[in-house]
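In the two complexes that follow, chain A is the common piece, with chain B as its partner first and chain C second.
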Partner chain A sequence: MHQGAWLLWALSGGLVAITTTNPFYLLPLLGIAWVVHAAHARPGPQARSFRIFLIFGALTICTRTALVLFLPDIQWGNIVEAAMEGLRLAVLLTVFGAYNTVSDPFGVLRLSPRRWHEPALAASLALSIAPRTIAAVSTVREAQRLRGIEVRRWRSLPALAVPVLETGMEEAVVLAESMDARGHGRGRRTRYRPERWGREATFVSIACVFAVGVAGAALLRNDPSLALSAFPVTWPAVAPVMLVAIVGLSVPAWLSLGDQTRASR
Partner chain B sequence: MRLRLRSSLLGVALLAGALAPVATAGVACAASSAALVVSTGGDNYTYCVELGGSSVNGIQLIQRAGSQHGLQYKLGYGGNAVCMLANVGASGHDCFGEHPYFWGYWRGNGSGGWTWSGTGASNVTVNAGDVNGWSWGTGDSGSSHPAPPSTTYDSVCATAPGPSPKPDKPERDNSPGSTPAGSGSPGGDSGDSIATQGSPGAKDQKVADNTGTGKSAGGKEAKGKQGGKQKDGEGYEIAVPSPSPGATTGASSNPAGATAEDPPAPVAAFVALGLTAALGALGAVLVRRRRRVGES
Partner chain C sequence: MTSINFERVSFAYPDSGDRVLDDVTLSIAEGSFVLVTGDTGAGKSTFIRAINGLVPHFTGGEYSGAVTLRGDTVRNTLDCAPRDLADLVAFVPQDPAAAFVVDRVEDEIAYSLENLGADRAVMRRRVEETLDTLNIADLRDRSVRTLSGGERQRVAIAAALAPGPGILLLDEPTSQLDPQGAEDVLAALQRLVHDLGITVVLAEHRLERVAGFVDLAVGLRRGESVTIGQPARVLEKLGSGPPVARLGRLVGWSPPPLTVRDARRMAPRLSLAEPTGTEPVTGAPVLAAAGLSAGYGRNLVLTDIDVTLAEGHIVALMGRNGAGKTTLLRCLTGLHTPESGTVAVRGEPPVAGHNVALCPQRPESLLFAESVAAEVEATLKAVGSNASADAALDALGIGEFRDAHPRDLSAGERLLVAIASTVATDAPVLLLDEPTRGLDHESKTRLVRFLRSWASRGRAVMVATHDVELAAQVATSVVMIATGEVIAQGKPNDVLGDSPVFAPQMARVFGPGWLTPEQVAAAVTS
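Entry: the complex of A and B
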């Protein structure tokens, strides 16, 4: 799928996630991130980054909730509210993790207008730091293992960190040089393998615009279902439109299902 | 010797504890309660809130009124701001969604008058015999915000178990909505027996009966307030966030019919959770399939 559509998908998922603390909106969003990752993750070591983002998400929830326990007079509402805010951050991280595994880190770079080439390069390097680092770690460890170097958890950390950092640095420099060599940022632009905006990308962007529109309208309308009422703690309501909009963000996964059955025939 | 003294003291304490309900039954709201006045602009609700001997702040007073007398409330900003009281105010995700209207916090000066509280309710300690007031309106100072009607502690927490239950809403009876019964306490949905279940102690029932809060809360059911605009006593209109068509609203939307409105929320919740589970399962299937393709 077109890199722009993926970028749009990640942005919409993130935007919908930050508008709400309702677990009945956030949990389906979490499931969607997982399904999209499962359907579209590019093969290779960077696919592991999704799991690492999930772990970070769980840590976020724990940290956010644990911080509340230091409040002077703590009530149930405080804990519930903190846990839901943690969940919101975790979903945001998970959506970003899914985006990292499905998108081409430097494919986004090609989308940027020529004059913004350099900031776009910096942005795409920053966006892709997690999957690139994870990929580098697994490559370096494999190399160490092949050379008979004992790989231990903490002892081998310095031996691991230096080559990993070096790889990251080198990758960035090589990328910048290669982009320059191909005429990016110089007014000329390569026509080599232009990315095509297919029908799938259109479907996905319609779903994304719908989701952001519905969430934005709910925000403007001051929809009670967006926030969990913590004082007193009550079951949050669920607006069916909102749920439909969120489920719409799973469109990329369904599209790939169609592809796979076609390929297997 | 010392041990015996201590155990006898303990016995006295236990005895006192056992007698305490009897004492409060005789002299209702004797010393351990505070008065809470909620003025929505058109209606006034008064609550004699049992403090139970513990230190309570202005916010906790509202929460106690909720659990003892079924006062509807919603707090925001970590439980430090008052968004909604007696079904008036912001019930959406934005606690100050009705700005410039908001709930002003007043403290009784002991003789029926009010002083504007310069500090937030969560930082104000409420002692027995105090009067706290909340009034809905505009203006962010004591001179511009409407004060609640003059109220003394004794007028709310009547000392003698007199035969005349004082009506809660002296101004108007047939006002729409805002019956302060509802989902705050599990048992306080309707009827005169408010605060019989779900409240912290059985002695609260006496309190409620004596002050007559139960009468107004249960007697006249709120009707015709399902959202839209609510005409207010002074003529301005308060926009009540209406349940969007098709959307199930939370328990806070309708005080009297809260139990009737409640079930849809869990149903929608189950739909959402089922969806999550289905997506999770689908993802697992996809991952397994990809792995198989990768191996072959």
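Entry: the complex of A and C
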């Protein structure tokens, strides 16, 4: 699918998530991010980075909740409210994590206007650093284990950190050399075949616009179902149209995208 | 069509007094297929990088003289940075995986063209032509991260070739490839030289394949002047060469042959005794794997493998890139849990770093200490051993480097340090994953000597390797796997002797039964 459609999907998912603290909206969104990741994760180290985003999400919920515990005269409502705010951030992270695994890290590069090429390249290289580092960490840990060094305690950290940083540096130099040798930065730059905006991209965009539109309208008219009422804690209401809009964001999971569409070109 | 001229080029890396290139003057005619050879640290990479200006523009350091490229235009590397030469010279580094810039194969190939500002119509045509030249049209939509070693190398070459350069530089292009993959890459390069008139310059250690393809060689040796000329003469002067050349030197053929075909022509001059079979090694089994099946998710990589490693044995594990060698090694160490089947080391489950040790493909992934000795001591401390680090270093013949920083050593020496830190665990089973990458003749001799003495002390050794000549030299038995199954297992003679792809050079010249030049030379009767 067109990288632009993926970007739109991630932005829409994120926007919908930050408008609400209602778990009946947030949890389906979380599930959708997962399903989309499961259906379209690209092979390679990025796919594994999804787990890291989930872990960070869980940590966010815990820290956000733990912070409230230090409040004087704490009530159930405070805890629930904090947990839901944590959940909102966690969903945001998960959506971004799913985007990270389904999209081409260099997709951003292809979308950017020519004059923004340099910053976009820097951004996409930065995006590809996380998965590369994750892969390096597991390679080095294994290599050390195989000669008897378990990297568990702080004291054995150099055995992990030094090789990871050193190979990272080496790879960066190789990449820089190779880019220069291939004429990077010569000024006049053209672009190879722009991506095709297919039917799938249109479907996904419609779903995204709908979702953002519904969430935005709900926000404007202060829809009570968006926020969880915490004092006292009650089950929040659910607006059916909102739920439909959120479920609509799962469209990419039901479409067969990517290589097949290219092969049939 | 481009020629290369070095004029009094000298170069020393920053913070090092030693000149890697010392007053080099030579010229390489257009359309040559050039081999750059020499020990590690002799400056092969430096020489290659000097041609497109990465030296000195990227490295800094002390540089004098100039390299001039003459094609449709005349440019030199002092006035032009590498990017300004990108339409004239293309460069493929040793590890192409680290050098890929974008994700999809087709975009990767178009990347240089985009940088050079080619028109879209030109780009479309050049990308298609390049895909065909390297025969990789079926890979066009793949992600570069999912390619096998050989595919990766061909995609990297295609990406370099797309803008139609007159010169192609490659740093050890076959060092990670299986014999067939290496052959394919070299054949593709030869086609470029013959059909398109491109000048190809490649640095390489393993000469048994390359020597037959190239028509010019540049020999580098530390502290000596550069030699350039006929490959046979240059290799004779360096005292290196493929096994047939080693044999030529042993039995006094001058000039020594470079290819199996040359050697066959000279072979009738020798009368040989019957090949003596090597003494079968007998030893108690140490590691036994039975009915091993393993994979990742639903994808089964190994099916029903039985392997035994016994005391005193050195087993060579061979097979294509992607045949499952690495997965098998991971199962034997206990790092990867098999779907079914068992692995036992003297009746107990394998424990990584305790009863099984493995030296990884890239030594960089475990070296972290400030000195070579400290590196080995880190292992000794972790496994609670009182042994001295020097024993392990001496076993590998690298005692002289004990106080050096691993980073200051050559790639081959670093690998030996990694092996020393692995054997320091004193595990009864030692596994090595592809230990000859970047290893020059000298370091390889040290490795062979070490493996023999280690095995003779009652240890079991398994070496996963593409290097058939190494297998011919040290293996007591060979396990050949294909698509995750053992397809042959037995003595090197029986498994490798008549294989069209895996036979060592001596077997190709004199028939199955002969493995190393030393063995042949010892059997000469008149």
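Brief remarks on what is shown
Methods note: the second predicted complex is superposed on the first by the 190 of 265 C-alpha atoms of A that agree within 3 Å, B and C clash if a C-alpha of one lies under 4 Å from a C-alpha of the other, contacts with A are read in each partner's own complex, and residues count from 1 in each chain.
Rule of thumb we're sticking to: contacts are C-beta pairs under 8 Å (C-beta built on N, C-alpha and C of every residue); 3 or more make two chains touch, one makes a residue touch a chain.
Just so it is clear, the structure is predicted and the values come from calculations on it, not from any experiment.
By the touch criterion defined above, A:Arg147 reaches chain C but does not reach chain B. Applying the stated contact rule after C-alpha superposition, one finds that A:Pro43 touches each of chain B and chain C.
Using the contact criterion defined above for the overlaid structures, shared-chain residue A:Leu30 touches chain B, although it does not reach chain C. When the shared chain is aligned, chain C comes close enough to touch A:Pro105, but chain B does not. With both structures placed on the common chain, the touch criterion links A:Thr234 to chain B but leaves chain C unconnected. When the two complexes are overlaid on their common chain A, residue A:Glu170 makes contact with chain C while staying clear of chain B. Looking at the shared chain after the overlay, A:Asp180 reaches chain C, while chain B stays out of its contact range. Applying the stated contact rule after C-alpha superposition, one finds that A:Met1 touches neither chain B nor chain C. For the contact definition in use here, the residues of chain A common to its chain B contact set and its chain C contact set are 43. Put simply, chain A touches chain B in their complex at residues 20, 24-25, 27-28, 30-32, 34-35, 37-39, 41, 43, 75, 77-78, 81, 219, 221-227, 229-232, 234-241, 243, 247, 250, 253, 257, 260. Those residues of chain C whose C-beta lies close enough to touch chain A in the complex are 52, 54, 57-58, 81-84, 86-87, 89-91, 93, 95, 98-99, 101-104, 106-107, 110-120, 123-124, 127, 141, 143, 145-146, 159-160, 163, 333, 335, 352-354, 356-360, 362, 364-368, 378-379, 382-383, 407, 421-422, 424-425.
Interface of chain B with chain A (complex): residues 63, 66, 73-76, 78-79, 90-94, 97, 183-184, 241, 244, 246-253, 262, 264-266, 268-269, 271-273, 275-280, 282-284, 286-287, 289-290, 294. Across the complex, chain C is touched by residues 42-45, 104-106, 109-110, 136, 139-140, 142-150, 156, 158-159, 161-163, 166-167, 170-171, 174-193, 259, 262-263 of chain A.
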